[in-house]
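Here chain A shows up in two complexes: once beside chain B, once beside chain C.
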Partner chain A sequence: MNGAPVMELADVSRRFGSTEVLNGISLAVNEGSFTSLLGPSGCGKSTTLRIMAGLDQPSEGSVRLMGREVGELTASQRNVAMVFQSYALYPHLTVAQNIALPLVMREMTRIERLPFVRSLLPGARAKRASHDARVEKIAEMLDITHLLKRRPSELSGGQKQRAAVGRALVRDPVIFLLDEPLSNLDAKLRVQMRAELTSLHRSTGRPFVYVTHDQAEAMSMSDQVIAIMDGKIAQSGSPRDLYERPSSSDVAAFIGAHPINLVEAPMSGGAVEGAFSGLATTAANAPGRVLVGVRPEHLVPCDGDGLKTTLDRIEYLGSETLLHVRLDDGASIRALAPDGYAPPAPGEAVVLRLDPSRAHLFAADTGERLPTPFEGRRR
Partner chain B sequence: MIGLSRRARDGLTDLWLVGPASLALLVLIFVPVVAVAILSFTDYQFGARTFNFIGLENYKTLLTDPIGRRAITNTLLYVAIVIPFSMIFALLVAIGLHGMASWAAPLSRILRAAYFLPVAATLVAMAIAWQMLLHPSIGLVNTFLNAIGLPGQAWLSDRGLVLYTLAAIGIWQTIGYNMVLFLAGLAAIPGHLYEAAACDGADRQWERFWTVTWPMLGPTTLFVLVVTATNSFRVFETVATLTKGGPAFASDTLVYALYREGFVYFKAGYASAITIVFFVFVLVLTLTQFGLLERRVHYR
Partner chain C sequence: MSRARVVPRTVSLLLLLAGALLIMLPFIWLILVSLKPADEIFSPDVRFLPTRIEWTNYVRAFVEVDLARFLMNGLIVVAGILFFQIAFAVPCAYALSQRRFVGRQVIFGMILAALLVPFHVAAIPIFLGLAELRLVNTYTALIVPFVASAFGMFLFRQFFSQIPADLFDAARVDGLSETAIVWRIAFPLAMPAASAFAVFSVTAHWNDLFWPLIATSDPALATPPRGIVYFRDQEAGDDMGPLMAAAAIVTAPLVIGFLVAQRKFTEGLAAGSLKG
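On to the complex of A and B.
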């Protein structure tokens, strides 16, 4: 999966007036990779994508495509394809005309595009026939052949999505840029389209850059996730990296289906005190206070020794049960019990087993990750 | 209220809301229109005690009499000039100001206000200003033409020229209003369509216009067309203040003829016939525009 870099950003910053939206973004999207830009809304991920596309210019820094500086090139000169959150289909054109538009713009002259002329000139007729054939092929691939004659207003959300993808596919672009393409679809369709996009990625072999605020999409589809927070890259790596070794408490809080437990605890001499005693950092000068990060799925009820808690309430989720429990010092955390667990009544004691190698420590003031003795054993 | 079903009560509320306005419409518009339609078949004169039904005589006069025909052809010519020019210029100005708003917002706002001024100002007062500008010997227009070596024109008293002069003033006055409508239409075009067009290769002005701007302005353009058409059919103030339909009926229009026949010569029957013809023109024009174009501009 690690080919040559196709799209590179080097130290890109973007300011709107005095507001800094992006601050020193450097990243590379390699040949054949599926890269997600993940972050909360307003973090700058869409701006990053628009700078890649050429729809926006960086205030500082450089954009390279296939090793070439492309700062001055327009989106169509870069031959990038973009799929928009709102699909951005032309409402006055049929699906077929929408998909063919990039071809018409690239291959026909202004004269040939004129109405009437386009059906008279033999050259224009031949080009149209070739466009029709290519549109037909794309439509077959996306299973929208029966929709080609319809206008966008006659399509459902998922069908519009496919038409927009078709318009991106038809030009054989060097890179696909997708700006939250699934966020307007309902949950079930979203999961289905996820799989379709992944297989599309595989069949085109082109790099995809996928902007999303949904960590599940980013984790399930990508081989590279770039978490952006406050205009900076917080962490980049494989989905597993981000899940198992989050570089900060913010990234840890953003990743994972169930939000991570972050409990503040005092520390002395590198060892955590209180409920989570037993955890320690190998950092040379450890801070006095830390955030202990433990994911609910790594806290499982058990019979023997462990973390002693009191049950507040439960959320039954079918395949698992989410337990809201209280530590002795009053802090409230969540734990995940497997299917078949019979929860005690609220107010009863629950003992949780914690695998210390799955716990994370972050500096309480900066949120930065602190190394633990287990560092390097996983991966 | 008690005893009535919810539906009946809702219906009563609707009637109560619609009622007064409908009654006013009936009394002030529909009844007079019917009265005018009936009068148009008579030789009634204001103040007369009796009148006779004369069938289609008034309409025959209007369509065969040279003066009547002149008013009709003048009006159609005026409309045919004002509609396309005021719309094209308004669209160009709107696109320019819309683009300018992103790099010179204050200037764009000042120009917008300047273009809208003729709409806000009283047309009669503006007509006086035009009269002075167009004065054959001391007017600014002719002074300027003479200065660059062109002969001055008798803008308002040359029979071949006067209608075009009035049309030019009509265009000047309509641009501002149409521009505001087009500006609103332009502001409503979603930006992501332009971005999609940029990705698809339609990124130069010409391609952007025909791929996104013009199709997306469809509903606005239809509305502007209908409003401009009905307004220019009603041309009256400039004719009344500047030319009184002259010289020799060269600038006579339907509404001015209606005013002259009805309120100067008191020929109420004939004036009613003109009113009905005018009404039919506007109605047919509006219905065709909506019928032909409405389905084509909404993309549903």
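On to the complex of A and C.
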């Protein structure tokens, strides 16, 4: 599935005045890949996308498209397509005109574009007919044929989204860039559009770069997730890599439907002390304090031996139950009990089973991942 | 409607009517005088309505001076000014609101400052400059001083800075040059502002007497207000009936235009709530 790199950034930095927004970003988007740029707002992911699009220039570093240096080329010269968070449909044009505009600008001469000439010149008429046919085809694909005559103000959020995708599709770009395209939709529609975008990605075969701050979108749609934090790439890899082997406590905290538990604990000689004793790192010079990272879904109530905790309160979620519990030393953590679990009364003891291979250790000061004996065993 | 609401409504309606009547009185008087025969205009007792309607005043307005020519001149000057004002103000406003360049704030500050300077301050230097260029007594002299409108730049700039920047980025991705963005995207969106600006510009320059009086002396170049003055210069003395008829004719296009574009005009003044 992953072929040659289509879009490559090498050591890209971007400064606005004295503030550094991006710092040494290097990444590659391969043929046919669905890459997500994931990160909290203000981390620089949108700037990265704008640099890919040619709407912004890097202060340093190079941008290559299909192996060619494109730093100086404009967005349309690069033939990239972009879908904006606000959809950015032209309010004074109909949906059909919106979708056709990239074609008009690319294929018609300056004279053919003039308002009255275009109906007189036979060449312009032929081009118009070919544009209409292509717009029609795209509209059929996106199921918006009945909306072509309307203006954007007469469309719902989901319909605008489709029209914006249509405008991106129509000129057959080498790469699709999507800037949080689903964040203005309601939750149900968002899930539906996720599936549609994935199947669109499959049918076009073009690489997609998808900017989002929603980890669920990034995890469910992409084959490559690039987590960006504070203008740097914190980690890149498959969704499974990011979930199972987060490179830092920040990435671990960002990934996962339920936020990970991060508990600070002392360590001596590479072994964790306190409630999580039994965990250890193979790092040569282990720090004195670590953050133990355990996802709630990897802490399951059980009978017998395990992590002894006291129940604070519960959140019933239907398919599962979120337990807020307290460790002996007072630290508060969350655990996830499966459907059918009968929780005891608050204040009662709960014993949790922890699979040591699912626990992560991070250096307390830098947040960096520390290797555990289980490294590489689970794939 | 209940009685409790009828009374205050009637009162406010009557007050509005009285106010409107007060403001319209000169116009009503103008129309009435323009329809009166000469002996009735100067009769010692004030009679509101004419005893017989004297249409010949309107005919004489066209015959005694070249009123058709004045109207044509007015049209040429007003259209010329508006065309160039928009051609310059729209790209300038786009650059000021959507492009980042050195001195942007300074230039905008200068435009704001220019709003404060009345035209009359610069009139004499401009006249001397045009005289040096031998352009006095030409259409150019009537149009050129007004082509750069600080007000227009300011109005369009305020309007453009409310359009989401994404829209212009989308246009760049779609292959539009900056010039194409100005005329294909920004200007059509700014239509409400443009029509409000057009009303201001057209009224101001159609009614302007000051500058045509300075810049032209050739009757063939006279704009409508300049032309009406010729009635007073007649040796036979003031010819009130035809003068009033000419004034009514000169005012009519603006009144009709405003009534037609009324809705757009108020929309433009209230503009600023543009949502994509």
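The criterion applied here is as follows: the second predicted complex is superposed on the first by the 379 of 379 C-alpha atoms of A that agree within 3 Å, B and C clash if a C-alpha of one lies under 4 Å from a C-alpha of the other, contacts with A are read in each partner's own complex, and residues count from 1 in each chain.
Quick note on the criterion: a contact is a pair of C-beta atoms (placed from the backbone, for glycine too) under 8 Å apart; a residue touches a chain by one contact, two chains touch by 3 or more.
Predicted model only: the values in this text are computed from it and were never measured.
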Fit-or-clash call for chain B and chain C when the two complexes are aligned on chain A: clash
Per the contact definition in the header, classify A:His146: touching chain B only (first), chain C only (second), both, or neither. neither
Return first, second, both or neither, reflecting whether A:Arg125 touches chain B, chain C, both chains, or no partner chain. neither
Considering only touches as defined above, state whether A:Arg202 meets chain B (first), chain C (second), both or neither. neither
Report for A:Ala75: first if it touches chain B alone, second if chain C alone, otherwise both or neither. both
Superposition clash, chain B against chain C - the stretch among 5-13, 257-265 or 275-283 that is involved: 275-283
So which bits of chain A does chain B touch that chain C touches too? 50, 53, 55, 74-76, 80-82, 84-86, 88-92, 101-102, 105-106, 152-153, 167
Which bits of chain C are touching chain A when the two form their complex? 164, 166-167, 169-176, 180, 185, 188-189, 191, 274-276
Touching chain B in the complex: which residues of chain A? 50, 53-55, 74-76, 80-82, 84-86, 88-93, 101-102, 105-106, 110, 151-154, 167
Inside the complex, what are the residues of chain A that reach chain C? 50, 53, 55, 74-76, 80-82, 84-92, 101-102, 105-106, 152-153, 167
Per the touch rule above, chain B residues touching chain A in the complex are 190, 192-193, 195-196, 198-203, 206-207, 211-212, 215-216, 218, 299-300
